[in-house]
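Next come two complexes, and both contain chain A; in the first it sits with chain B, in the second with chain C.
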Partner chain A sequence: MIWILDITMLFFLVICAIAAISIKDLLSAIIILSAYSLIMAIVWVEMHSVDVGFTEAAVGAGITTVLFIATLARTEGRSED
Partner chain B sequence: MSKIQESVIIRTVVRIMVPFIELFALYVIMHGASGPGGGFQGGVIFGAAIILYAMIYGIAEGKKKMSDSLDRILASAGLTIYAATGLACIVFGGMFLQYNAVPLLSDPALVSKYLIDLVEIGIGITVLAVMISLFFDVSPPESDVEEAKE
Partner chain C sequence: MSGVIDIVYAEYNYWIYVTLMMIGFYAMIAKKNLIKKVIGANIFQTAIFLFYVSLADITDGTAPIIVGHGAEHAEHVEHAADVIYTNPVPHCLILTAIVVAVSTTAVALALIIRIYNEYGSLDEDVILAARRELQPEFSEHARQKGVAEVSEQ
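Up next, the complex of A and B:
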């Protein structure tokens, strides 16, 4: 465990989470969510849970982003609320 | 979208990268038992390679490589491999997925190792087919993209 890396990553994680739910442009929200997943994967690997980090990187940052963007191409792209 | 698809650099890089991503996916699947990775992650990476190809070369071109019927066949074939491996263990007198009950080789540990790999391959095939069909289902049809461009 590297404490300074842990704290930095968790700090970025919180920032990404808040930004993803507060931003109006949905494409930006998807990109921020993808960055959130990437940081989460780093945190998992840092906590010696390589398997979970692998899944997070492949599914969270990879496939989910692609599926969200493909869905966004069919909708308007701005949040109503 | 269309501008990205027309770029020569991106098309070339994708064409070169796709086989290497697929090779990495096979590595992840085969090393699932002894290290990080496994059928699910490998299947997702393999599916991502084909999704990348379909994104850049167009959905129609991607469907030529991976048609809906092939998707359906692969999804059920992977599940069949998984279930057949589990049921084979019952046939030989063990429990479901009790690998060492299968008297294939003299060493039960070796049988268990190979059958785990077989199960992982089955999971990988199913996950890859389902991921690709998910992408094809949610992605906008080619005609809509053409209309939006005009």
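Up next, the complex of A and C:
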């Protein structure tokens, strides 16, 4: 484990999590959640769990984002909180 | 005192996982928008995955792939016993859990689309108000009235 990369990525992870739940525009929140998943994939590859890393990059950052955006296209894109 | 600092410093992955978990938990409880709740659930799930993968990690460990396997690398085989691998069992658990997480997200989003078609809003308060209007027997006032009638009998 490269600890300086680990700490930097975990710091970005917390920032992304706070931003994803506090932004009112839902499309922005979903894209930030996608970035969160991608940073999480980097953290896992860096912690030597490579199989989980690329599954998260494909499934967490890819399919989940597509599902969220498909939902957003059928509903409304604005949140009150 | 230095012991406490050592624990905070050495286990920082665990502190981040608890922080992320509480951020997701807060979003699930306090946010009124249903999509925001699903985003919170996603953050909660990945925080738990981070905990498991952090458990598996070993200092100076390498990825759990056999070193020196195969004839072309036969000269490395005598060093294979010295290699430290990270624990692969939590990785397998989390690989399964990621797929389950995507499935639950998909079901939640399908329910959200259905709710939006029915009530025309994603806001929790609007949906609950519409439900009380449509089915007054579920409202808090009617429920308390029913309790009062039962206690009178």
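Here is the rule we go by: the second predicted complex is superposed on the first by the 80 of 81 C-alpha atoms of A that agree within 3 Å, B and C clash if a C-alpha of one lies under 4 Å from a C-alpha of the other, contacts with A are read in each partner's own complex, and residues count from 1 in each chain.
As a working rule, contacts are C-beta pairs under 8 Å (C-beta built on N, C-alpha and C of every residue); 3 or more make two chains touch, one makes a residue touch a chain.
Note that the structure is predicted; figures quoted are calculated from it, not measured.
*Asks:* Looking at A:Arg74, would you say it contacts chain B, chain C, both, or neither? Reply first, second, both or neither.
*Replies:* Once the two structures are laid over each other on A, A:Arg74 reaches both partners.
*Asks:* Once the structures are superposed on A, label A:Thr55 by its partner contacts, choosing first (chain B), second (chain C), both or neither.
*Replies:* both
*Asks:* Which of the two partners, first being chain B and second being chain C, lies in contact with A:Tyr36: first, second, both, or neither?
*Replies:* Once the two structures are laid over each other on A, A:Tyr36 reaches chain C alone.
*Asks:* Who contacts more of chain A, chain B or chain C?
*Replies:* Chain A has more residues touched by C than by the other partner.
*Asks:* Contacts for A:Leu5 in the overlay, against chain B (first) and chain C (second): which applies, first, second, both or neither?
*Replies:* It touches nothing on chain B or chain C.
*Asks:* Would you sort A:Val66 into first (chain B), second (chain C), both or neither based on which partner it touches?
*Replies:* A:Val66 sits against chain B, while chain C stays out of touch.
*Asks:* Same chain A residues contacting chain B and chain C, which ones?
*Replies:* 50-51, 55, 59, 63, 67, 70-71, 74
*Asks:* Chain B touches which residues of chain A in the complex?
*Replies:* Spelled out, the residues of chain A in touch with chain B are 50-51, 53-55, 58-59, 62-63, 66-67, 70-71, 73-74.
*Asks:* Mind listing the chain A positions that touch chain C in their complex?
*Replies:* 1, 6-7, 10, 13-14, 17-18, 20-21, 26, 29-30, 33, 36-37, 40, 43-44, 47-52, 55-56, 59-60, 63-64, 67-68, 70-72, 74-76, 79-81
*Asks:* Using the touch rule from the top, collect the residues of chain B that touch chain A in their complex.
*Replies:* Touch residues, chain B against chain A: 1, 28, 36-38, 40-41, 44-45, 47-48, 51, 55, 131, 134-135, 138-140, 144-145.
*Asks:* Name, in rising order, each residue of chain C that touches chain A in their complex.
*Replies:* Per the touch definition, chain C meets chain A at residues 12-13, 16, 19-20, 23-24, 26-27, 30-33, 35-36, 38-40, 42-43, 46, 49-50, 53-54, 56-57, 59, 61-65, 86, 90-91, 94-95, 98-99, 101-102, 105-106, 109, 112-113, 116, 121-123.
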